[in-house]
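As written, the chain order gives the labels A, B, C, D and E, with residue 1 at the start of each chain.
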Amino acid sequence: MENQFIYWLANPGLNHFLMVSALLFALGLMAVITRRNVIMVLMGVELILNSANLNFVAFSHYTSLSLEGHMIALFVIIIASAEAAVALAIILNIYNRFRTINVDEISNLKG
Amino acid sequence: MNLFAIIFYLFAIVTIGSAVIMVFSKNIVHSAFALMFSLIGLAVFYVLLYADFVAATQLVVYVGGILILILFGVMLTTQGIPEKLEVLIINVWPSAILSSLIAVILFFVFTNTEWNLIQVVERTEVVPELGMLLISKFLLPFQAIGVLLLIAIIGAMLMSTQSKRLNN
Amino acid sequence: MELQLLGIGILTWIVFIPIVGMIIVLLIPDSRQDAIRWTALAVTGMQLMLAGLILRNFDRSMLGINESGSFQFVEHFNWITVDALPWIGKVEITYFLGIDGLSVLMVILTALISFVGVISSWKIGKMVKGYFALYLLLVTGMMGVFVSLDFFLFFIFWEIILLPMYFLIGIWGGPRREYAAIKFFLYTFIGSILMMLVMIALYFSIAYTDPVTGELVHTFNLLHMMNPDNLVEGSILAGINTTWRYIAWIALFVNFAIKIPLFPFHTWLPDAHVEAPTAISVILAGVLLKLGAYGLLRISFPIFPDATVYFAYMMAVLGMISIIYGAFCAMAQTDFKKLIAYSSVSHMGIVVLGIASLTTQGMVGGVFQMFNHGIITAVLFLVVGVLYDRTHKRGLTDFGGMATVMPRYTGVAIIGMFAALGLPGLNGFVSELFSFLGAFSAFRWIAIISVTGIIITAAYILWTVQRVFLGKSPEQYKNLPDLSAREMVSFAPLIMLIIMLGIYPGPTIKLMNASVSHLVDLINIGGF
Amino acid sequence: MELQLYIQLALITLALPFAGFLILIFTGKRLPRNGDWLATGLISLAFLLSLFILIAKLVWHHNETITSSLNWITLNDLMGPSSIEFGITVDNLSAILLVVVTMISMLVHFFSIGYMKGDIRYSRYFACLGLFSFSMLGIVLTNNLLLMYIFWELVGISSYLLIGHWYEKKTATNAASKAFVVNRVGDAGMFVGIMILFTSFSTFTFETIFDAISNGELPFESTGWLTAAGILIFCGAIGKSAQFPLHVWLPDAMEGPTPVSALIHAATMVAAGVYLVARVFPLLTADALLVIAYIGAVTSVIAATIAATQMDIKKVLAYSTISQLGFMIMALGVGAYAAGFMHLVTHAAFKAGLFLAAGSIIFAMHKALHKTNDHHTDAQDIRNMGGLKRKMPVTYWTFLIFTLAISGIPFTSGFLSKDEILAGTLAFGIMSGHYLLPVAAFLVAGLTAFYMFRALILTFHGEHANATRLEGVEESPKVMIIPLIILASLSVYIFYSFNPFGAASGWIFQAIERPLSIVPVAMQPISNLLFHNVVSMVHSIAMGLSILFAFSGIIFALLVYKWKKIDADRLANSMGMLYKGAFHKWYFDKVYYKVFVDGILGFVKGLHKFDDKVIDGFVNSTAGVAIHLSNISKWIDEHIVNELVTLTAWIAGYAGEQLGRLQTGKVQTYLAFMVFGFIVLFILFI
Amino acid sequence: MGDNILNNIVLFYPEITLVVTLCALVFSDLLMKGKGQFTGWLLLGGFCLTGIFLLLQNGYSESVFDDMFAVDSFGIYFKVILILSGIFIVLFTMRSRELERNMQRIGEYYMLIAGMMLGMFLMVGSTNVLLMYLAFEMTSISSYVLTGYIKGSLKSAEASMKYIIFGAVSSGIMLYGLSLLCGVTGATDIYAINASLVEGVGQPMVLSTAVLMIIVGLGFKIAVVPFHFWAPDVYEGAPLVITAFLAVASKIAAFAMLIRLFSVSFLVHVADTQSTGLLNVIEGLNWNIVLSGMSALAMIVGNLAALWQTNIKRLLAYSSIAHAGYILMGIVVLTEEARSAMMMYIFIYLFMNLGAFYIAMLFSNKLNSESIEDYKGLGFRAPFESVAMTVFMIALAGLPPTAGFIAKLYIFGAAMNAGWLWLVFIAGVTAVISLFYYIRIVRNMFLYNPEGESGQLYFDVFSKVIVLLLLIPTLFLGVYFGPLIKLARTSINIFGM
């Protein structure tokens, strides 16, 4: 049992990458939920996207997904950049209006 | 313990460690740089997984593009005032519980899954194949992402430019 | 029996003539209020004439209920037909109008009360156009319910009533009109949703085989729904005495009980009545409450005879509670209108008691009581309206000695009151008699307990008479004018009917007798 | 004479007063003299017709029952068509009562012309009288229970209208409502009884029901239900005939005009209960009859004792009426069918006479009071009267005759009927062992004589309380006097039987035969034949006792009020004299006085209190309870039934509010919720 | 291969038209900066042309671009609905005062509308997870910006920020789910995924996780509980027209994508599906149960939370959450009948919801307020519009004789027929609750007298015509809906099923 575990540890495979991606995903979520700075939230989102990307690439390596996984990863990177651009534009807009980018202070809409 | 494993663990630590730093660092600039390291670590993973083109793109677009963008954002919104770089983290515990729950769930799921693994192909020539795919099967997304970028540009312009009439 | 005018069936005329009237009313400029009033009067008058025509040509021997061949003035057209698909049979919604003994009285009642209602709303001065437009829409809805033989159509008409009523109470009502209107609306809407669910369940559980093409057709046709052979094997309402059939029956019953209104679903009624303008109270009590009992007879009973038999006792108990409880509540009121509202609860309890007996006598009594109650409460609300118009007060203690001040008015009021009290010689007695007789043969003790209701009724009616009409009149009301010609016109037909039906109810009972006993027959075959 | 002619004549008789009602109610005020002549004329015509019917019937078709009916409603049900027939029946019973009703009504009409002169609702008054006469005739003529019930209610309503004739007076309207509602209680019972019979036999017609029962059909296959049906139908009579415990309305009903009291609350309507019992007599079981007899007895005793203490002349008469009605009911209950019915007839004459005479007195008193500008003195209180004999001789003499008749003095009509009832009661008591019944009957006979003479003496004899007022009193006009004279003459024995000491040979006994009981043999009362035999055996004893009791009552009254042998001492002398009297010979007298006058008076006072406080109080408190109940149900309605709905709405609203509170406006909270939702879904889903 | 692509292009005309329109907009905006509503009319023309091309496609059922994109009756039905809503949105924009004040950037506004429309078209038609995600993002990015279009408004800015944060996280989670899905099946297009699943990949756990994560993303777009939190805030903050667009078009597109993805991928397609109308989920993957719970929650939460809202946009936001719940019932119930009922619902929802938003916009133009408290007495100041609003409200509440009733009737019916009685029960109860807040608006309009200034409100003919365009279908479909049923029934065919 123990040996098996060590063997498993010693030979990184799909699951290892998936674990890393899972951790990144969780950390990304954590950042998104806890950080009060909008930009930090954005960074958390990037982390989430990257964790998914890692999945795609890992799957394309280990399973029959083949190059389509790479393709998706590429597209996701581009989409992420587009989204980041728009998000930052919106953040700038927010900053211009509110003079803050603290998410908590931007909560006039509620109920 | 082969090289692959060593590299994997090394960069796994780098990636996750910098991600942790990113999440918990009080200074936003530190966070941004931590994110950069994390992304670089991922790029290394991509290389490990024989996805060098993706790795390159990751470096170019993410590290070179998005991260710079983010830093610009930080600068623009803090306007160089150091206090503003210090950012709050609150509700750590509830969210930590939530996030770790998610992680546990995913771990649980992954370890309980028999993946439909295939014999790992050691690809050497990935880029030409990707190129072929891009103009055959993925032609439509390829075109569509062009439109997406156009829209993003329009949107970003619209959002970031100062309107003449602001007083409302 | 077919009757057509200009190639269009008479039932279509009678249902949609108010809609035409509504459009005309909407086209008349706001300022010409009298033209609007006269249009409404003309339209309802025409409707009344059509109702008379129907009565004249009505064949009393035809059964109706579940036999499509013996309905009269039938109009049956395809409305919506969707061809069969592999996974579901043909779907059909039809425009199916027809009347039988159950509905003919209600059609006449609706036409009459609507006509009287227009006369009594002559004094409405606020937004005359809107008022009469909504009023006419309301009339269409009511009339439509009574002549529809397709569940879908029935439901549409049923719901059409809601909104005009809401506005009529809500805009032209008293001080707490908003509360009353929303209460009315919500209560009825809860019922409607329940009915809709049952309608859907029935729709899927019923399919008949098209005699020509051999296709399986899902339909909303009520007559097909009454045929147990059309129940689809394995569908939710298939079988007999199943839990789902009971649940469906209860859902329908709650809907109808809200409209009737039966204890404990009645609390919307006093509020609605108190706040509604006179004519709307008249419509509400005169016609709207009948929709509930009519729905029970037209839908619940023939489609679910087994559940009807199963729940008959419960219905009778609720009827009994309504009778006594309503009467007690009426006695405690100090507001004239509220008193009559509660008396409606009590009197409609008699209807339910009668029809719950599932005997011919009881059901004839119940249906007849529906008609009579419609007329009597119409008179009573008009009576209140007359006083309210003159003094803007409705408290029972505000008046006294009206008999000296307004003798003609008092005469009319006393006839109405005594009819409500069940005085022999006036129509209320006959129907109460039959209801109680029927109930007694089915549920002995319930009937006996219910009879005590007539004592309480006598008490509160006489107390009311004493407080309002007898005694000395207050100084400020010494010179109230007696009934005007317009008011007399609105009272006259009702009073005449009260007396005529009290003395010789035979022909009226004969109108519905065939259908009612056929219904009883149907329940007895299906329910045991 | 063709049999159908009876029916036609009866129908015309029925229609005449109704026509009067219709004409007067719509056009009364525009007619000359407000139409009193029309109403009176029509009722007189009706009287003549009914007199003709009676005579023809007795002479030519003595033993026949003539029935005719038409279909009112036909109802097709599963068993085939069943029809509800409306019909009238002319037999000796109804023919006699027809005459009684029309005659009294006619006389009251005449009397009213004088009495009601100048009333503001003069024509309405006559219209209502017409309505009443119509309804009463309907009750008399009908051949089925439903029609009986219908007319039953109609007389109720006309009584209501007439009691409340002066509706400006609060007491009058109260009395009217009370009368109607109390009657309704009885009617509800009657209605249930009718329902039992109809449900079992699908018909309302007496004959058909009797046929069915005699064929062995029983309601719900049980004799218990048959008894119940009988008692429940009798409930109608309890209400209408003011029997214990529903008698409380009748004294109050005296708020109506006095002629109305004479007609409705003395002679006719209240007797309808007796008539009803007579009509349904065949289906009454022995148990039901016993209940009826006891209720009659209790009523008559209570009412008689109360009557002895009343000061209002109309109240005295009212209680006396209740007492006499109890008498009749008791007679029917014990099986003295013809006697009870005959008492109905004779009582109608003399009690109507008494009321009319009282009306005449009150009319005169009113005038006198008016002349002296005295608006405080009660014109109906016998203490304010006295000595009227001189001023109103005709009234006095007629009143005296009526009083003799009601007291059961030989040679009066009352003696005939009362004697037969007493004999019947005695016979029944002997045969069944229910001795309380004859005891009560004789007691009441004595009491009746006592209180009637008390009233007579206090009103007409002695000194008037106010001499100047007495000067203003004058005899009533002829239109009022003549009816009194007619009624007085009708109170003489000769009209009923040529033998002043035996009614059995009179025409009423010839015409009326107790019908055979049709209930199952085990439930039958004592058979007619046996009963007759015993009655003839005890008849002379009963007569002797009857006369004894009557005279002792009269003498006692005379002792107390006329000769003041007892009373005068007490009033004239102070306490010292009381002591002296006790010390001397009068001690005995004083004991008598204590025992008999104070004791009896105290007892009856107590009883009156019981009635006033307990029975009436009970009825009043029932009303109170009803009002409380109604308030409670109103409260429940407003707070519980309604609140439940409101509560549901509130819960929905509260939930909505809380949901709104979740919407904090902080996007990260939303994200946390979202993640949380995801986790929950995951846990549920996996 | 080239021929193949050329053939495919014929079936791609509507999308191409949209792209061309977008480009034309960019150029015309450059050339005629701020010249009135020209760009609007241009977009309108483009939309109409797109619509015509769509109608011409009627009857096709093909997959194009190497199984990237499907042109089938299902897609066409939804695209027609989307283009209709697009046309209405452009018309609304022309009447909106709020947007008139920001006229100088209207070119970009229309471009983003066009882009969003393209994104939604791709969402409806895409059969590959990549294209799905791409389309999803395309739609999202446009809508983020459109939400923040009113630059002068704090609310608008805040809304766009919340929207993008929530949207980015949701789409990230969805992407993660997609990655798991692709990984476990080894395929990216939905037919292959289905084939692989039907073969029996097993692994229900990871599949379930993937499905759940996908539901998060789609649930966000549909705004269904518990992924709805953004909706009220964003709807309130966004320009009214955009709120309408989000509540109608973007939601409908997400529904189309959800149905296509889930129906094609996660159902077992057996031969007799056509005859029974019953569908079966992949063994061990009861996603419809999850959706049923979400549907019930959406109905409950949406309707309850709407009770106390005073802002019309917010109220309609909650109402649209509730409606999402009702529509979701059609997916939960795995029958073709339910799907057709749901498609009917969506068609009707388009008219009644757009109608409600439009009237709200007209009122807000005149009153400068979105509070329903300010609607008091409007029934007398603007009778036509108020009556229309009343009709839309009762349609949303589901009362006959409006189309809203038909929609509810059929969806309830389908659910009941399939035995989802508890869901129908909840739907019924919540429908009653919903009446309360819908009628509150009607009450404020008619049951109160005008407060303060009470002059008549005048709207131009163009505005009224638009109202009529929405009003007439709402009423007409309530009494004559046979053709709609037929249309919905013939349009349920998804390519590959």
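Here is the rule we go by: a residue touches a chain if its C-beta (ideal position, glycine included) is under 8 Å from a C-beta of that chain, and two chains touch if they have at least 3 such contacts.
Keep in mind the model is a prediction, meaning the values are calculated, not measured.
With steps allowed only between chains in touch, the distance from chain B over to chain C comes to 2.
Using the contact threshold fixed earlier, the set of chains in contact with both chain A and chain D is B, E.
Any chain bridging chain B and chain E, meaning touching each of them, is among A, D; the list is complete.
Seen from the Cα centre of chain E, the chain whose own Cα centre is farthest off is D. Think of the whole protein's Cα atoms as having one middle point; the chain whose own Cα middle lies nearest to it is C. Relative to the C-alpha centre of chain A, the farthest chain centre belongs to D.
For the pairs A-E and C-E, the count of C-beta pairs in contact is higher at A-E. Centre-to-centre separation between chain C and chain D, using Cα means, comes to 41 Å. Work out the mean CA point of chain D and of chain E, and you get 81 Å between them. Per-chain Cα centroids separate chain B from chain D by 104 Å.
Inter-chain centre distance (chain A to chain B, centres taken as mean C-alpha positions): 6 Å.
Listed for chain B are residues 91, 95, 98-99, 102, 105-106, 110, 115-116, 138, 141, 145, 148, 151-152, 155-159, 166, each touching two or more other chains. With touch defined as above, residues shared between interfaces to two or more other chains in chain D number as follows: 649, 660, 663, 665, 667-668, 671-672, 675-676, 678, 682.
Among all residues of chain C, those that touch two or more other chains are 186. By the definition of touch given earlier, these chain pairs are in contact: A-B, A-D, A-E, B-D, B-E, C-D, C-E, D-E.
By the touch criterion stated above, chain D contacts chain A in their complex at residues 660, 663-668, 671-672, 675.
Residue ranges on chain C touching chain E, taken from their complex, read 79-83, 85-88, 91, 127, 155-156, 159-160, 162-163, 166-167, 170-171, 177-178, 181-182, 185-186, 189-190, 192-194, 196-197, 200-201, 203-204, 236. Remark: chain B residues 1-2, 4-5, 8-9, 12, 15-16, 19-20, 22-23, 28, 31-32, 35, 38-39, 42, 45-46, 49-51, 53-54, 57-58, 61-62, 65-66, 69-70, 72-74, 76-77, 87-92, 95-96, 98-100, 102-103, 106-107, 110-111, 115-118, 120, 126, 129-130, 133-134, 138, 141, 145, 148-149, 151-153, 155-160, 162, 166 touch chain A in the complex. Contacts from chain A toward chain B in the complex involve residues 10-20, 22-31, 33-37, 39-40, 42-44, 46-47, 50, 53-54, 57-58, 60-64, 67-68, 70-71, 73-75, 77-86, 88-93, 95-96, 101-102.
Of all the residues in chain B, the ones that touch chain D in their complex are 91, 94-95, 98-99, 101-102, 105.
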